[in-house]
Each structure stands twice: as structure tokens, then as C-alpha cells.
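Shared between the two complexes below is chain A, which pairs with chain B and chain C, respectively.
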Partner chain A sequence: MIDAARALYWWLDARGGFVSNRIRIVVTYRVDAVVRLTGPMLQVVLMGALWRALYRGETTVDGVSLDVMTTYVSLAAMQQLVNRDDTIDWLSRRVRTGAIGTDLAQPVGLLTQQVCGQVAQLVVKLPMVVLMLPVSLVATRLTAPAAGALGPYLLASVLGWLINSCLNLLVAVTCFWTSELVGMAFLYFVISGFLSGALVPLWFMPGWLASVLGWLPLQAVIFTPLSIYLGQSAGAAAWQAVGVQLLWLAVLAGAVWLVFRRAVRRAVVHGG
Partner chain B sequence: MADFAMALIEASELVREFQRVRRKEGPFGGLRTFFSRDVVLTRAVDEVSFSIEAGESVGYLGPNGAGKSTMIKMLTGILTPTSGTARVAGVVPWLDRQHNARNIGVVFGQRSQLWWDLPLVDSFRMLGRIYRIPRSRYRDSMDRLVDTLGLAAFLETPVRQLSLGQRMRGDLAAAMLHAPRVLYLDEPTVGLDILAKERIRQLVENLNADSGTTVLLTTHDMDDVERLCQRLILIDHGRVLYDGPPGHLKTQYIPQRELVVQFATPTDVRVQGAEVSRVENGRTWLSFDPEDIPAVTLIADISARYEVTDLHLVEPGLEAVIRQIYLERETV
Partner chain C sequence: MRWSEAAWQVRAGVILITGAARGIAQYRADLLMTVLAGSLHQGIGFLTIWVVLGRFHQVAGWSVTDIGFMYGMRLTSHGLALLPLNQLISLEEYVREGTFDRFLVRPVNPLIQLLSTRIQLNTIGDLLAGLTLLGASMPLVNITWTAGPLLFLTAALIGGALLEGGYQLGLSALTFRTLGTRQIRLTVDTVFSLYGSYPIKVFGRAGEWVLTTVVPVALVAFLPASVLLGHVSDLHVPVVLGYVSPLAGVAVFVAASAFWGRQLRHYQGAGT
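Let's turn to the complex of A and B:
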């Protein structure tokens, strides 16, 4: 029992070592952190103003009130802030510069190292979200969650973060096959911003597009938790959406595990 | 072979080939190269076998492109051989990288394992955690390394601001922190000034002597080798040319030694068993083979017959020997 506890301690401590160094890097570059926070704040202010203009004095459009809409864009900006991590940048830079060699020579696996980086980003981003709250309140009159929606919303947000982490890992790991990833990463961020419903909720999209997106994992990252928060998806529908998230998470986590194993083997076999 | 009889590092018939797509010349060369299946195979390591006992300090030498780093990468576990096998402290490195990592420390001179953006000490703290070094032992090793490598002045400096010599000392400390049984040094003194080189050599020497750490060193600096290695493995084109003590290599390749003599008056020397190889600034270089005539006899002979004001013996440097070997290889 004591042995098991000790083993668990060392296991966690090793990972904590990676996480704390990755946090330190973010803290080292403070200006960069401020810039990263400014973007989403501007996004909240501008998107709030944009939707107010689009509503042109109407209180509801297609059964969606202006308050719901501005709350949506506000929360979406915060979710995006939390979800946008530097895994793709980090891993592709390590591969390009050859630093991946020293990473592979560590007694902790490469995938674990990346996950630690993602946890570190999360730890830094959560306080940033708190800083964003007052801006959101002023700019968009953030409404409270629908009755009984807070719990499912938080659960869906965590699942959304996990799904997004898997997607980032999958994009990042392609750098073992293609040496040039910057363009692709940019394309991924633009497309994912749109397809996850971070800019426009799925309910305002043309029917065919909304149903196509319904089949993709990206909507589970931002749209699912937000529609639960706002009561657009409630009761059985909400739990069904969470179920879909769980399914996606299982599939994607499996894919990440497999692809990373292949990537590491490829690096080790081919000497990338 | 029984387990207890096994050497600490055991490489047997290791082969590593690399594939490269052959470049197409002429119009649309780039495009045709892109679609080409025409590959060239090069053998970086060609059936290399050796075994290294615990506590040995071995220089792994060869010209650029001889396959030294490829060998180190395989023994580190970050590269799989095409064929053959190896065991380091009983572990096949590339099959169990993480286990192997706990037994070894590695310094790649051209690359750092330190965290670029963070103060040096942050890298050590993290290594302490991932190698599961208990706190008290961590403090002890840290104190010793800070002391011997003189790290105190820049422990809090971000790695990106360190000079090359400081960074290299930091990298060595990082590789040694968990007290590995094997230390691989891939060109650890490249680009360093004389003092920094000396410091690194001193530490490696102490390590090998005091804690019995087994050292495998690749370098182009023969002073590193003369100072640190009791044994040399010389390779070229992926094959082992020589494996043995440095002294033996010298006598094998350059048996001649030289006696430099200064005469009172310019003299035309004729001695049995020695030849004049050079005359310069009033000094005469006599080349002789100690097998034919012992140095003592030669010196007695000369002093008896000529008026000598000064003389000294010159051993061939390892550098001269290696140069000779590389040259012979090129002309073959």
C-alpha cells in the first residue's frame, strides 16, 4: 500500500516536473501572455457589438434572444482561449530543430510530455478566463446558465477540452511525416474556429452545414458545452450530446495513442 | 553467455543503413526527385562489434561522417539499427528507451537537453523529478556538480543567455545528476576554449576515476583522448579499424621516434640506425626505430662522437598517428 502510494507520488512528481517547467516558460514571456489575453478580450467586445448590430433592435431571431447570442460569443471566446494551446508549435519546432532526440532520450514518454504541456497551458489559461469575466460582463451582459445546466455544462466543457487536446495532438504529430507544419496549423486554427461553432453557433448555420458539422468532433469542443449552458440543448438532448462527446473522446484518444506510437517508432527507425 | 559475465556495453554486428532518394538532374529535376523511388542506401555503421567493461573510458574516433553519432544514437535508444544488436546494462536500448534512459547520461555537444527559455536550475529541478532522485541525494549531487563545474555564478541565468562553455558544463551536470552508470559524450569539447575544455576534461576524468562511471566519448580533439581514454576504438566508413590502447596504436602505425639534437657547431651527422629527417635553426631531427636502436644507445653514440649542447626525445602525437591513418584510408 505504501509502495503503491510512493510509486504514485513519483509518477505524479515526474509529470509535475514537466508541467511546472512549461508553466514557467509561459510566465517568462509575460508580454506574449498579455497579447494572448488581449485577442480574446477584443473578440468579446467586437463580436458583442457585431451581433447587436445584426439584431437591429430585434429581441429574438429564430427564437434566440440577443442576450443568449451575446453570452454565446462571450463564452465562446473564453472557451477558445482555454482550448488554443501551443502543442502544435512546440512539437513541430522540436522535430524541426532535432531537439526531439533529447526528448526521446528522457525516461518519460513523448506523448506524456506533450500532455503535460497541455495541462500547463490549462493551468495558465484558467486565471486568464477569470480576468476576462469583467470584460465579458460589461461588453455582453453575460447571462447566468440555464436552470440546472451548470453541472452538465462544466462536464461538457471538460470533455470539450479533452477532445480539443486530442485534436491538437493529432495535428501536431503529423510533423513527423511532413516537415512543414506552420501553414497547416494556421489552416487548422481558422477552420476549427469556424467548425467548432466558436464564431457562429450551429443553429444559425444553413441546415445542411449544421448537420454535417453535427457529425464532426469539432462541434463537441465549443458548441456542445455552450448550447447546454444556454439551455438550447437541455434534458435528454443535453445528455445525448455529452454521450456523443464521450464517444468522440474515446475514438480520438485511441487514435492519438496509436499515431504517437507510430510516430515515435518512425523517428526511432528512420532517425528523423 | 551467462549474464554475470556480460560487459556493461555490448554491441554485436550492429549495422545501420540510411535511405536517401537519389536526386534527379536536368529539367524538372526537383519534381522528378519528388516522385522518384530511386533510393541510395548508405551504411553509416557497418557490422560494428565491441564490448566495454564497467569503469572503462573509451574514445570512439573517426573522421566526419564515419558513423560515430549514429552509434551513440543507437546506444541511447533513439535510433534502431538495421540489424545486429546491443545491450547496455542488460537493456536493449531501442526496445526499452525509458528504462535505458535511467542507466545512461548523454551529452550531445551540438545539441542541448537544457530548457532553453528557463534558468539553468529549472532544468536540474525537473530532471531531479523525472529521474526520481530523492531530495537529499539531489541536494548532494547538485552541490558536488555546482562545485566541480563552477555553475554557481549562472544557475539562475536563462540557458539561452549562457556562453557555449557554460551551457556545456550545464549539459554535463544535467547528464550526471542521476548518477548514471554509463555516460555518452558526443563531442563534448567542440567549440570550447582551452580553459573550458580543461574543465570538462577534469570533471570527466574525476568521474571516471571516483565513481567508476563508464565513459564513451566521441571527439576530434586528440588532447581529449590522450587525457581521458585508456582505450580507443577507431572507425571509418562504419567499420572498426583499431580497438586497443592509444599507445599501442602509435607504435603500430608510427614506430619511428625522433631525437632533436643541437650541436655546438653545424655538423653533418652520420649515425648507425638513425636518419636525419630535418635540419632547422641549428637543430637536427634524427628519426629512429627503437626496435633497431634503443634511444639510450643512440644518445650515448652521438654524445660520444659530437659536441652536443642540447637534446630531447619526441614522441609521435596521437594526432599525427590519426592523420596518417586517415590519409592512408583516402589513398586506398
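Let's turn to the complex of A and C:
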């Protein structure tokens, strides 16, 4: 019993150490982090204005009201901010510089270290999102979640974050094979912005595009939680969307675990 | 400066830039990847508005081809401006570490030396995306391409490039005094990129004036495109400003160059 408690303590302590270490790194560059909010803020103001102009005084288009649309824009920018993560840059830099050697010698596995890094970024970014609220309120008039949607929305957001973390890990781990991932993190961010529905909701996309995106995991990151929040997907449909998220999470988490196991064996340590 | 002296400076610049070009030609795969990433990043911005206009058909009276044309103009000007000037991004490093010294002890103009240290390839991607979009939309818009419109388009592209380049050069010059201008430059860059490609009416009265005076991105593509496309009935400024907008770029760039020359005197070195 005492042994089990001690083992658990060690398990938690080791991971907590990694998380707080990474938090410290992010906090060191806190001014950078806050300034980085200007991009998303400018985007929210732009998209808010754009949707108002597109609606041209009409209250609803295809059953979607202007308030729902501008709320979507604001929340999407915040979700995107929370989901943006530096795992790809971090891991490829470790491989390029050879620091991966020391990482592999740690008592905590390489995959766990990356997950700790992702948790650390989440801890720093969640409070930062609050700073975007004033801009969102002025530029887009945020509406409250649809009746009974808050619980499923929060669940779907957590699942969306987990799916995004898996996707980031999968892109990041390719650096063990290619050893060069310049611009990859940026590219992933750009592509995922569109494919996740953060820029345009799937309900305003042409039918064929919406169905293609519906089969991809990225729409589960941002579009699913937002359409639940806004009541566009409610009741059984909402739970079905959460089910799809769970399926993706299972598949992607399995893939991450398998690929990381292979990657560690392939690791080439540069430098001495 | 005498003409022979100016010609000598230009020749020196060409020699230096050729060396830099030879340097990057060593990494062809990386070159292709970066150019692609740049194009894709800019392409997604247009893809977004294209998808939205598939459902809404027009925004502030502009059709998707009109927007595509303006988007192409803005992007081409952006590429033309940054292709020679993007090395300004590393000015801060040179000034902070005092390595700017080396540019001052050589006979070639310090700005030319700075700009020819390295070639950043992602701007070629921007230029390619801009030219593609412009080329694709030119036959689709309601303009008869006689010599007049073609000349005006060329002038507008160069004027727009000078305007954006002038802003970046002027802001960079402040680095000699403040040591840090990176964030403000990035923010201005974001405003140019995000707000330069939509009919300005979208942003309301206040927005219209900010984007015409403080950060005059409206003069880059919106005003000249309005004149070319005949969208002049609801302009917020006299139409004549649309016709002379390319000259604004020349004025801004000349002023910025003079400002750079003056600020350069405030460079203090790292004091070692």
C-alpha cells in the first residue's frame, strides 16, 4: 500500500516537474505571448466586420443568425489560440540540435515529455484567452451558449484539444525520419485553420467541401465544439458529434503511441 | 550623391545579392518547401473569402472576381516590397549585438549590405501567389485591357509595393533608437495583409479613415482597384485620390528613405 502510494507520488512528481519546467519557459517570454494576441484580435475585428457586411441587414441566412455567426468568429479565434501549440517546433529543434539525446535518457518517456509540454502551454494560454474577451465583445457581440449546451460544449472542447494534441504529435514525430521540419508548424497552423472550420463554419461551405471535411479529424477540433455551443448541433446530433470525436481520439492516440515507439528506436543523436 | 556613385552602389548590391542567391540554391528541397508554404499561407486567405462568396455572392457590391483581382494586386505589391526588403526583419539582431558595425566600415551603402545578407524565400511564394491570382482574375473582371488600364495597374502595383515597403523601412529605422520594433512591424504587416484585400466599406466610417490615413493600406490595392473596376460611386474619398494613389507610395518611400538616413546616425554600437 505504501509502496503503491510512493510509486504514484513519484509518477506524479516526475510529470509535474516537466510541466512546471515548460511553464517557466513559456512565462519567460510572456510579453511575446501577450503581443501574439494582436494577430487573433485583428482577425476577430476583421471577420466580425466582414460577416456584418455579408449579411447586409438580413437577420438570418440558412437559419444562422448574424449573432450566431459573429459569436462563432470570436470563439473560433479563442479556440484556435488555445489549440496552437509549439510541439512541432520544440521536438524538431531537439532532434536538430541533438538535445534529443538527453531527453531520451530521462526517466520519463519521450512521449510523456511532449504531453507535459502540451499541458504546460494549455495552463498558460487558458487565462490569456480572457484578454481577448473585451475585443470580442466590442467587435462581435458574444452570445451565451444555447440552452443546455454548456456541458456538452466543454466536453467537446476538451476532446477537440486532445485530438489536436495528437495531430500535433503526429506531425512533430515525422522529424525523426526527415530531420528537417522548417515551416512545418506554421504550415500545419495555416492548413488546420481552414480545415478545422475556424475561418469558415462548415455550414456555409459548398456541400462537397463540407462532406470532405466531415470525414477529416480537424473539424472535430474547432467546428464540433462551436456548433454545439451555438445550438446548431443539439440533442442527439450533439452527442453523435461527441461520439465521432471519441472515435477519432481513440484512433489518433493509438497512432501516436505506435509511431512514437518506432521513432525512439530510430533516433539519431547529432553532436556530442 | 553623384550618378556614377549611385551606379557603383547598385552594382555592388547586385554582386552581393548574387552571392546570397548562390547560397540558398544549395538547398533546393528546402527552397521548394518554403516557397510552397508561403503561397499556401496566402492562398488560404483567398480560399476563405472564395468559399464564403460562393454562398453570399457579393460583399459591399464586390463580386468574387473583383475581390480576387484586388487580392492579387495587394499580394503582388506585398511580394514586390518584401522580396528586397524582408532582410529588415533581422535588423534588430544586428543593432542589439553591435554587428551592424561591419556595414558601416565598408564602402557599400549599409542598407544595401543589410538587404543582401540573405534571401528569404517565403516572399517568393507570396509573389507567385499574387501573380497567379492577378493573372487568373484579370480576364474575368469587367475591364478592357488596353494600354491605359495596363499602365495604371503596373503603376499601382509598384506604388503599392513602395507604400508597404516605405512603412516597413520607416518603422525599421526606429530600431536605431528604440532597439526593438519587431512587434510593431509585425502588427503593421498583419494589418496590411488582413485589411488590404476587402472593400473598405466593410470596416465602417472609423475603419475607413484609419485605413486611409494612419495605416493607409486602402491606397495599396483598394483605391486603385476601385478606379479600375469602376466601383467609385460610394468611395469615402474623392475619386481623384484613387487615380493618384500610386504616387502616395513614391512619396512614402522617399520620406522613409530620408528618415532611415537620419535615424542611422543614432546607431550607437554595442559598446564593447
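Criterion: the second predicted complex is superposed on the first by the 265 of 272 C-alpha atoms of A that agree within 3 Å, B and C clash if a C-alpha of one lies under 4 Å from a C-alpha of the other, contacts with A are read in each partner's own complex, and residues count from 1 in each chain.
Definition applied: contacts are C-beta pairs under 8 Å (C-beta built on N, C-alpha and C of every residue); 3 or more make two chains touch, one makes a residue touch a chain.
What you see is a predicted model; the values in this text were computed from it and never measured.
*Asks:* Given the touch rule stated above, what does A:Ala253 touch, chain B (first), chain C (second), both, or neither?
*Replies:* neither
*Asks:* Looking at A:Ala14 after the superposition, I want to know if it touches chain B, chain C, both of them or none. Which is it: first, second, both, neither?
*Replies:* It touches chain B, and chain C stays clear.
*Asks:* Of the two partner chains, chain B (first) and chain C (second), which one does A:Arg24 touch, if any: first, second, both, or neither?
*Replies:* In the superposed model, A:Arg24 contacts chain B only, not chain C.
*Asks:* Now for A:Ala105: first (chain B), second (chain C), both, or neither, which partner does it touch?
*Replies:* First partner only, chain B.
*Asks:* Please name which positions on chain A make contact with chain B in the complex.
*Replies:* 10, 13-14, 16-18, 20-21, 24-25, 28-29, 98-99, 101-102, 104-109, 267-269, 271
*Asks:* Mind listing the chain C positions that touch chain A in their complex?
*Replies:* 30, 33-34, 37, 40-41, 44, 47-48, 51-52, 54-56, 59-60, 122, 183, 187, 190-191, 194-195, 198-199, 201-204, 207
*Asks:* Flag every residue of chain A that touches chain C in the complex, lowest number first.
*Replies:* The touching residues are 35, 38-39, 42-43, 46, 49-50, 52-54, 61-62, 180, 182-183, 186-187, 190-191, 193-194, 199-200, 204-206, 209.
*Asks:* Which residues of chain B touch chain A in their complex?
*Replies:* By the definition above, chain B touches chain A via 18, 70, 73, 76-80, 94, 97-99, 101-102, 106, 108, 111-113, 115, 117-118, 122-123, 125-132, 158.
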